[in-house]
Amino acid sequence: MLPDANEIRTLLAGSGVDAEVDTVLLGTVARVQAADAIDALAAFRADGYESLVDFDGMDTGEAIELTWRLRSYSMDCEAYLKTTVPYDAEIHSAWNIYASALMPERETAELLGLRLAGHPNPKRLFTTDGIPPLLRKDVPIRSVEEVKNR
Amino acid sequence: MSDARDDIVTVGLLAEGMHDPGVPPAGIRRAPTGVDDLATEHLIVNMGPQHPSTHGVLRMLVELDGEEVKNAEVTLGYLHRGIEKLAEHRRFDALGTLMDRGDYVSGIMGETAVALAVEQLMEIEVPRRARWIRVMMAELNRIATHLLWYGTMGLDTGAMGPFLYAMRDRESLLDILEAVSGARMMFNYVRPGGVVADLPVSIEAKIREFCDAFDTYVDEHDAILAGNEIFQARLDGIGVIDAEMALAFGLTGPNLRASGVDFDLRKRRPYDAYDEMIFDVPLGVTGDAMDRFSVRMEEMRQSSRIIRQCIEGMPEGGYTAKVPKVLKPPAGEVYASVESARGEVGIHLVTDGGTSPYRMHYHGPSLYALQALEDLMPGYLLADGCIMIGSADIMLGEVDR
Amino acid sequence: MSPTLAVVVKLVSIIALMLTNGVFMIYLLRKVLGHLHIRLGPMHVGPHGILQTMNDVIKLLTKEDLTPRLADKALFFLAPMIVFVPSFMAYLALPFSDTLKATSLETGLLFTFAVLSVVPIGILLAGWSSGNKWGLLGGMRSAAMQIAYEVPLLLSALPVVMLAGTTDLGGIVDAQAGTWLSVIPRWFITNPLIWPTFLIFVIASLIEVNQTPFDMSEAESELVAGFGADYSAMKFGLIYLSEFSNTFVMSALGVTLFFGGWLVPWIPMSWYEAVPVLAPTVFMLKTYLGIVLMWWIRGTYPRVRIDQLMDLGWKRLIPAALVMIVLTGVVDKLIVPLFNGAVSW
């Protein structure tokens, strides 16, 4: 269920990716530079992690942290890949590696204010034009008073 | 999305050595480029947000050549309520109410996911009885969800009878769920630490009665639809998702198992009391709509089996652990997932030591099934499209969140 | 009674029959479907909901008659009439009793089928003129389906014509008089040779009346009333009424062709002559039994896909119907006369 951190490090190093791999409460997490993320995903895919089961982003206050959750059915384990991108950055789609990234990438890009490259259909997914990236910490949620005094 | 500004350096995931975005990866048939509204050679039909067959407010733009679908695009967001944003402003024991409104039919399982996440962070030990109650409620909820799916599957194909039979049977289930949790739909029953209240005294007899009745008529329900030649002709060979495609699209739950991949979170990553339950996991062979139908029917039978075991062996004890009134998990990050009726509901919870989550991401399995449908629909007829949406059991609440 | 007055009386009574039928059938449909679905159907308006249809008719009469902006106004106005009038005309040749028919046509069967085949044109027009893609899809499906199935419908009626020796519906009923071994009625349905033909007739007639399992042109869960979606108030009422009327006519045809019309051999002919209302009552009872059977199928079966339906029609039903014609002809005209004397059909 928990892949060995050293194995992941070796795997990624084999693709020329410099990664910090730790085993924490979340699981086995590999942290890479933004530029290496696609190569890291390709390496995972080639090693037998057949499925991308989740992709999401988080506003850490200084940058945006992206997390991929990969599952290998043949090895019955999950691994996490994390990277950090600056605000308003452009991320390249991983759909050629994992097709399940299609809509989650659109969702994450829309709700966190990123741009998508290499995606066949990079349109907005959940909100209409003009809505700010909702999951950013500086976009406030409206309080009851605000709504009453609209 | 904001436009590129001159003072921001575009640092991103570099595209060197990447393939052409138009080329699909292995297992996928085509690049989903969306439907061009202005093209005029084919008929572009809008299966609008209000439609009897789309199981919620889903809008599909379908490009038709006669009756055959050439291209399909899914437009979402009609049910987007910002659950993930709202979660950042809720106390941890109130997160269950948000999950109730995600997949609103399988409320118990959504609540369990978030409860497990908080329990992992706070290292709370849930008493045995509470775990057994959770399992029993989850399985009752699973049968209710699958019955609703069964009824709407019949409606999609035009058979009105099975829908009403399913609703009748669901009434007794909802009565039980209401007796235990107080509500028919938004249960708000599973909390971090256990459950809200203990089972009522008379519930055991009611559940036994339900299981006995259910075991007789689930076969009837199966026969009315699956034994019908017309239904078989409508479903056999439609929407075939082979194992490679299922894995490529990140499917989970009955959709994945119908394609032949043996992975059930209740067996592989047992949570609550599933490691003490004896049950089988049905698998499909070809991954067509008929397989998905049969897998869910069989899952209902297995759920009934689990419920019986729960009733027979329900341990004594507390229904919840002692948890503080205001939950304050330590700063950390955890991912908890449960086997919901539709797939794997996952909660990625990031906390900063406060009384609300810093970030909660809610993974809804129907979103991934919907992506797969966009790829599947071209090549089939429009009528098949409705069947495919139905057989994949899409729930817009957990797609849009 | 002057001929003109007689004609007027006949037409008025047919309209009255059609409307009464419609009212009663709508109520019956809701009750039948309701009980099949373990629910009650209409219960509130009047005792056991008897006045429900009255309510619905008044509602339809008082609703606003909308025409969509994109609709082709002339055709939009015309289409419901093209759907309704042939349904009305189909009643003309139906034999309610020996003497009670609107007109005694020698080519009654052919006339009825000819008139019913105008209905798909109306449906196609309704779908097209709605100015709505969904309506268009419904209309096109319906045209493809109903026009294609005219052939097996007519072909399945031919063996009956062969056995009866006439296309006059009254004559066909007369040919089914008497009993076989003084126990089994000599209806055509009791002739085993007719059973495959009857099956083809049932399937084709279900399609002609747009009934589940063949209601793709309405397809509630896909097209949501398809060709009729944009019609409101009485235009919708006309289309809806004509659908029920077609169901009645098809069932009546089935009863006439296969179940002996108004004849029940255990009731002596003297009773029929003594009580003039007996024959039509028997006829209506039989017809309603047929209608309830059609609705039983409707409440249970899922819907067939359009291409599967076309497949069924062109590749299976038409060859089967042709084979049955040849078989019936051979048996009836060649083999049976060889056994003449001992047995007579």
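So that you can tell them apart, the chains are marked A, B and C in the order they are listed, and the count of residues begins at 1 in each.
Just so it is clear, contacts are C-beta pairs under 8 Å (C-beta built on N, C-alpha and C of every residue); 3 or more make two chains touch, one makes a residue touch a chain.
This structure is a prediction, so every number in the text was calculated from the model and none was measured.
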Graph class of chain-chain contacts, one of line, ring, star, complete, other: line
Dominant chain pairing [most C-beta pairs in contact]: A-B
Geometric centre distance via CA averages, chain C-chain B, whole Å: 45
Computed distance of Cα centres, chain B from chain A, in Å: 22
Inter-centroid spacing, chain C versus chain A (mean Cα positions, whole Å): 62
Interface hub residues of chain C, defined as touching at least two other chains: none
Of all residues in chain A, the ones touching two or more other chains: none
Sites on chain B touched by chain A in the complex: 1-2, 4-5, 8-15, 17-19, 21-25, 27-28, 31-34, 73, 76-77, 80, 82, 84-86, 88-89, 120-121, 247-252, 261, 263, 268-269, 332-335, 344, 346, 348, 350, 358-359, 361, 363, 367-368, 370-371, 375, 400
Chain B contact footprint on chain C (complex, rising order): 33, 36-39, 133-134, 136-137, 141, 212-213, 215-216, 219-222, 224, 299-308
Touching residues (chain side chain B, partner chain C) in the complex: 43, 45-46, 51-53, 67, 154-161, 164-165, 168, 224-225, 228, 230-231, 233-234, 381-384, 386
Residues of chain A touching chain B in the complex: 1, 24-27, 34-35, 37-39, 50-54, 56, 58-59, 67, 69, 73, 76, 80, 83, 85-93, 95-100, 102-104, 109-111, 113-115, 117-121, 123-128, 133-135, 141
